[in-house]
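Below, chain A partners chain B and then partners chain C, in two separate complexes.
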Partner chain A sequence: MLRYSLRRLILFIITLWLLSLFVFALNYWFPGDPLTNMTGIRDQSSYAYQQAVDARGFDSGILQQYVGFIDHLLAGQWGNSLASQTDVFAQLQPLFGATLELGLLAMALALLLGLPLGIYAALQQRGPLDRVIMGLSLSTYSIPVFWLAQLFILLFAVKLGWSPISGQINPLYNIELQSGSILWDIWRSDMPYRPAAFIDALAHLWLPVLVLSLMPMTMLIRIMRNAMLDVLQQNYIKAARARGLADSRILFRHIIPNALQPVVRQLGLQFSVLMTNIIITEVIFNWPGLGSWLVKSIYERDYPVMQAGILVLASLILLVNVLVELLHAWRYPQVRKEQHAEH
Partner chain B sequence: MPNTSIYYQHREPSPLRQLWLHITANPFAMVAFYIFAGIMVLMVLSPLVSPFSSETQFSDHVLQPPAWHAEGQIRFLFGTDDLGRDLLSRVLHGSVYSLGYPLLATLLAAVIGISIGAWAGMSQGVQSSTLNHLLDVLLSIPSLLLALVIIAILGPALHNVMIAITLVLIPQFIHSVHNAFYEERNKEYVVASKLNGCTRWYLLTRVIFPNITSVVVMQITFALSTAILDIAALGFLGLGVQAPAPEWGTMLARSLDQVYLSPWTMVLPGLALFLTVLSINVLGDSVRAAIQERIRNS
Partner chain C sequence: MFLKPVCLLTAVTSVLILSACNDNNQLPAPLSEGLVYCSEGNPESFNPQLGTSGTTVDATSAQLYDRLIDYDAEQQQFIPALATQWQAFDQGTRYRFKLRQQVAFHQTAWFQPSRPFNADDVLFSFNRWLNEQHPYHDVGGGRYPFFRSSGLMRLIKRVERVDDHTVDFWLNQADSSFLANLATDFNVILAAEYGAQLLAQGTPSDIDRLPIGTGPFVFDEFRKDFVIRYRNHPDYWRSQPHITQLVYVITPNANKRMLKLLTGECDVIPYPLIDELAQLDTQAEIEVASAVNPSLSFWAFNTKRPPFDNPLVRQALAHAINRPAIIQNIYGGKARLASGMLPETSWAYSAEPQAYPYDPAKAIELLQQAGYPNGFSMNIWAMPVQRAYNPNAQRMSELMQADLARIGVQADIISYEWNTFRQRLARGEHDSVLIGWVADNADPDNFFRPILSCAATRSGNNRTQWCDPEFDQLLVEAITETEPQQRKQLYQQIENYVMQQAPLVPIANSLRFQAHRADIQGVELPPYGGLSFRKARRLTDAPL
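Our next item is the complex of A and B:
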């Protein structure tokens, strides 16, 4: 396990290094002056620009420039936004919290509903409910997320009025922005109307979470069902039956833990899908997160913001993938051998 | 009755033919196949069958509801949008952007990706394993994010979207073809052909390739649905096909402003998108089932 983890971690570090190289190169590929793209200083005759030239090694070779770039990146000096001239790194923190909150809640909901439904469908194989669940999951999987979001807004927010149309919280509740995750911020704030604010935040939250979770949920249902069907045919299940174990014990101790293996392997991919959808969903629901920030920066040609958004989203996805792989290898030792073999 | 022909010879259907037999045996897959074929025909004939051009404006009929509504007119079967353009015509014309261009991008990516994947699948050692690791990493980043990055460099326009989507799809093809080749490479029939002295090129094109066509077909359906959704998503974000063009995602983005007053401007493009992607996904799903069955039987 140690060897495997080390291998994965080294691969992860190499990947991050490649990513940093790519983001560095982006500054030169974007139109305009590379240093302006990097720092967000527009006036090239200003004193600040001269200082940046010195600090980032722009008077010497490309290697020095890369070293300067990495230095500033690690120190959290990611330049200023071209549009608003505010510090990108400071802006980033609350946005990251908001995105993470949305993503984690959606993933939790997908797991919470998807896995039991998949198990249920597998136990009822070829029954009417199995067909209904599988049919629904295939069609939900094909709905473009932006259309689904619009339909849900139309139905739940406009027709039924169960939730506000967009936004994170009613601005009347003056919640101090700390981590960006709205539920956490309300919890931390010391206001008399905390419960009311909490309910309001939940009312804003549930619709985007539902929209986001549907796609990973349907995929999880399918994966879980197929894995269950595979395991059900194995000999050790027959052996357990022959030993006269109770059905529930076979299900919970023998079938489900083994069937979860492909599910765990796919979790990283599902998270990637979720992050794709989060970019679009945040734009539609006007959620103050990384995705809407990134899209807005592309409209505005705000290059410092753009590269920060790309860097953070990509590293988050890569990190989650590595963590899932480590979890997978730790929980299921048979996988480790497979991956050690050259392929 | 048993076959009485003396010269009876058991013929194993080719992998592609097996795939087709499997699809025809499944009613859902057949329905999806006909829907997809219908959409393709409509796309090709869209200049002929659509009642108006996609940009004709009827200034007296702005935001006309669909024909079955009390205020609707049969002239505008599915109503008109906020500039008085006929929705049905726009959706029909839009199929070229939302299905035709993704199809083109997928085929282009398939040709490039399969060539690289085949070359990589035949090579071995460090070369192959490095490529595999790199591809694994690249594939874990969502295609839309990659496309967004490319659009950010090139700027939003139709041809840039095509470049971005093609580039994004290529690694997926390389990965699946590489793996398929890798699995076939050391099977007995390949070794036998090798011992017979077949050239590398013959081995590649005539011996191995026919046996991985089903994997390629599955990858094409998968890539096509990704391409359609990504182009529509980019259009929706305003970073893809630009506004007057009747691309489905762009139409949805435009309908966002008045969806509360005139929901029909949103339903038709979304439904077209949904039906197209659903039929492709059902087909891809049955191809996957066919491959699994073949592996289980062999």
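Our next item is the complex of A and C:
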């Protein structure tokens, strides 16, 4: 396990390093002055610009510049936004909180609904409900998320009035911005209308969470169902049945734990799908997260912000994938044995 | 393990039930005492002195600041604001203003005023853009486009403090538009004490980011692309605003603004979609307000770039565009086809026949004369936002693209985010642009000097980059003339000159629309300048 973990970690670090190289190179590929793209300082005759030249090694070779870039990156000095001239790193934190809140809730919803539905469909294989679940999941899977979001807004927000159209909370609730995650911030705030604000935030939250979770949910249903069907045909299940174990015991002790293995392996991939969709969803729902920030920065040609957005989103996806792989290997020893003949 | 989905489901259902049966009467205090305005874009800064964008003006001028004098459009006269009286001396080259006493500045976490408003604040606010040696002159770019292009910068010789509550303005010459320019939304009064404090702290640029003024609302926070939050100013010198909290939710998408108004997430929205106005008006909970906002939408050519430096090319393009079709399709017929720069509502307007009727054959002929028998390719920059003068520049540019293709000119449409768009325009990166102008004051000069003069070119505000000494000379003649009939004739000459040179093609004069929920009252939409929430209030069934 140790050897496997080390291998994954080293691979992770190498990927991060390649990512940093890519982001560093972007500064030179974008139009305009590389240092301006990096720091957001427009005025090349200013004192601040001169300081940046010294600090980031722009008076020496490209290698020094890369070292300076990494130094500043690790120190949290990510430059200023070209559009608003505010510190990118400081802007980043609340946006990250908001994105994480949306992403984690959506992933949780996908797991909590997707897995049971997949199990149920497998147990009812070729039954009418199985067909309904599989049909629905296939059609939901084939609707692009931006279209689905608009349809849901039209239906739930405009026609039925069950949810507001966009935003995190009614802006008249003055919630102090701390983590960016709205539920957490309400919890921590000391305003007098906390319960009402909490309900209002939930009303804003459920629709984007639902929209986001549908895609991974449909995938999880299908993976779970197939894995279940696989396990159901294994000899040890037949043996368990022959021994006269109760159906529920077979299901919970033998089938589900084994069927979860391919599902866990897929979680990282599903999270990546979710993070790509979150960018579009945040724009549509005006969610103050990393995704909408990244898209706005593209419209504004705001290079420092673009880099930061790419860097953070990509690192997050990488990190989650590595964690999922580690979890997978730790939980299912046969996997690492298969891969590395470990004993 | 099974508890979680159950919890979540109950949470979701309870939210649904609660939000479904939430009654207006039981709104918690922050909701019933606040107001949400869904604005169309980010302000460039929180100081209207620095720009000319209507979005910035709407977000700042009337909310955060006061001016020395205001203009009452109904009475057509100037009314006292921070100045209680004023008088002209020395044949109109010196104006003396008596200042109001006991006017309090905002108290915030970043500034505690130690004294009320006085003459030092007036000096500070005017010298910032007037005096190039002023420590704040270069803070925030040092451009001051309105003051440069309206000529105020060259008109005012100096501002002098007479005593604590009296100031004198010395002018270089008499000018009939001085008071009108002074009453515009750009002449706001900042706090001198705050300026000194920031200078001592070494953070002068905060003055435009964390603003302090004397206006009815106090700045609370700004999250770019999301919200601006204001709360009421408890010591405001006029009567207190009715609402305790004013929130601008930044919603650039016009469709989404309309929907959010329908669902009640927005109380007031600017620039509703013109096609939907009729439908909106029939909804019981929505009211549509309009103001005669003297405005002009136009298509400006970058005359510094060939082939647009050739008047023949510009005239050809002017003939090529089917403007009546634009009025029908883009404005839904709710605008007037512009015949010149001045709108019909201006006293200096005189009816003239269309200089450039739609005539593709003529256009091709002119292009041949200019030496472009096979046409050329160009770009049209279309604004990403809706403005009073142009509700849909993108669509308009598409119509024009088709018209231009007919005379062999291939046009590409270009757009950026609004603030980026304006910055790039100021740098002159465009071939042509669809943009417009909303009058700041009632003087006809305001329709020429800020748009087309050489001073406007220098300030980066002249989208045509056109600088014609003959035109500037005519403008000076018109502004120094005091006899209205003579002035009107001079403006007629100017109109003819502009039409003949065609640095721009006027398209439409339109109304400014705004829609609000029926329970909101008192949102003021003055004909000149930005909107004001000072008297806005939410009607509730139960008296408070």
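Note that the second predicted complex is superposed on the first by the 340 of 343 C-alpha atoms of A that agree within 3 Å, B and C clash if a C-alpha of one lies under 4 Å from a C-alpha of the other, contacts with A are read in each partner's own complex, and residues count from 1 in each chain.
In the analysis below, a residue touches a chain if its C-beta (ideal position, glycine included) is under 8 Å from a C-beta of that chain, and two chains touch if they have at least 3 such contacts.
Quick caveat, the model's predicted, so the values are computed rather than measured.
*Asks:* Tell me the contact category for A:Tyr193 with respect to chain B and chain C: first, second, both or neither.
*Replies:* Second partner only, chain C.
*Asks:* Figure out whether A:Leu319 sits in contact with chain B (first) or chain C (second), or with both, or with neither.
*Replies:* neither
*Asks:* Could you say whether A:Leu123 touches chain B, chain C, both of them, or neither, answering first, second, both or neither?
*Replies:* So A:Leu123 meets neither chain B nor chain C here.
*Asks:* Touch test for A:Leu113: chain B only (first), chain C only (second), both, or neither?
*Replies:* It touches chain C, and chain B stays clear.
*Asks:* After lining up the shared chain so the two structures overlap, which partner does A:Ser163 touch, if you call chain B first and chain C second: first, second, both or neither?
*Replies:* Touch partner of A:Ser163: chain C, not chain B.
*Asks:* Quick one: is A:Tyr299 in contact with chain B, with chain C, with both, or with neither? Answer first, second, both or neither.
*Replies:* In the superposition, A:Tyr299 touches chain B and chain C alike.
*Asks:* Quick check for you: in the superposed arrangement, does A:Asn174 touch first (chain B), second (chain C), both or neither?
*Replies:* second
*Asks:* Taking the two structures together, which residues of chain A meet both chain B and chain C?
*Replies:* Common interface on chain A, chain B vs chain C: 153, 158, 299.
*Asks:* Once bound in the complex, which stretches of chain A touch chain B?
*Replies:* Chain A residues touching chain B: 11, 15, 18, 26, 29-30, 138-139, 141-147, 150-151, 153-154, 158, 268-269, 272-273, 275-276, 279-280, 283-284, 294-295, 298-299, 306, 310, 313-314, 317-318, 321, 342-343.
*Asks:* What does chain A use to touch chain C in their complex?
*Replies:* My answer: residues 83-86, 108-109, 112-113, 116, 153, 157-158, 161-167, 170-174, 177, 193, 196, 199, 202-203, 206, 286, 288, 292-293, 296, 299-301.
*Asks:* In the complex, go through chain B and note every residue touching chain A.
*Replies:* Checking each residue of chain B against chain A gives 129, 132-133, 137, 140-145, 148-149, 151-153, 156, 182, 225, 229, 232-233, 236-239, 249, 252-253, 255-256, 259-260, 263, 266, 270, 273-274, 277-278, 280-282, 285.
*Asks:* Show which residues of chain C lie in contact with chain A when the two form their complex.
*Replies:* Per the touch definition, chain C meets chain A at residues 4-5, 8, 11-12, 15-16, 18-20, 28-31, 34, 36, 205, 220-221, 223-227, 229, 245, 247, 249, 251, 256, 259-260, 262-263, 265, 384, 416-417, 419-420.
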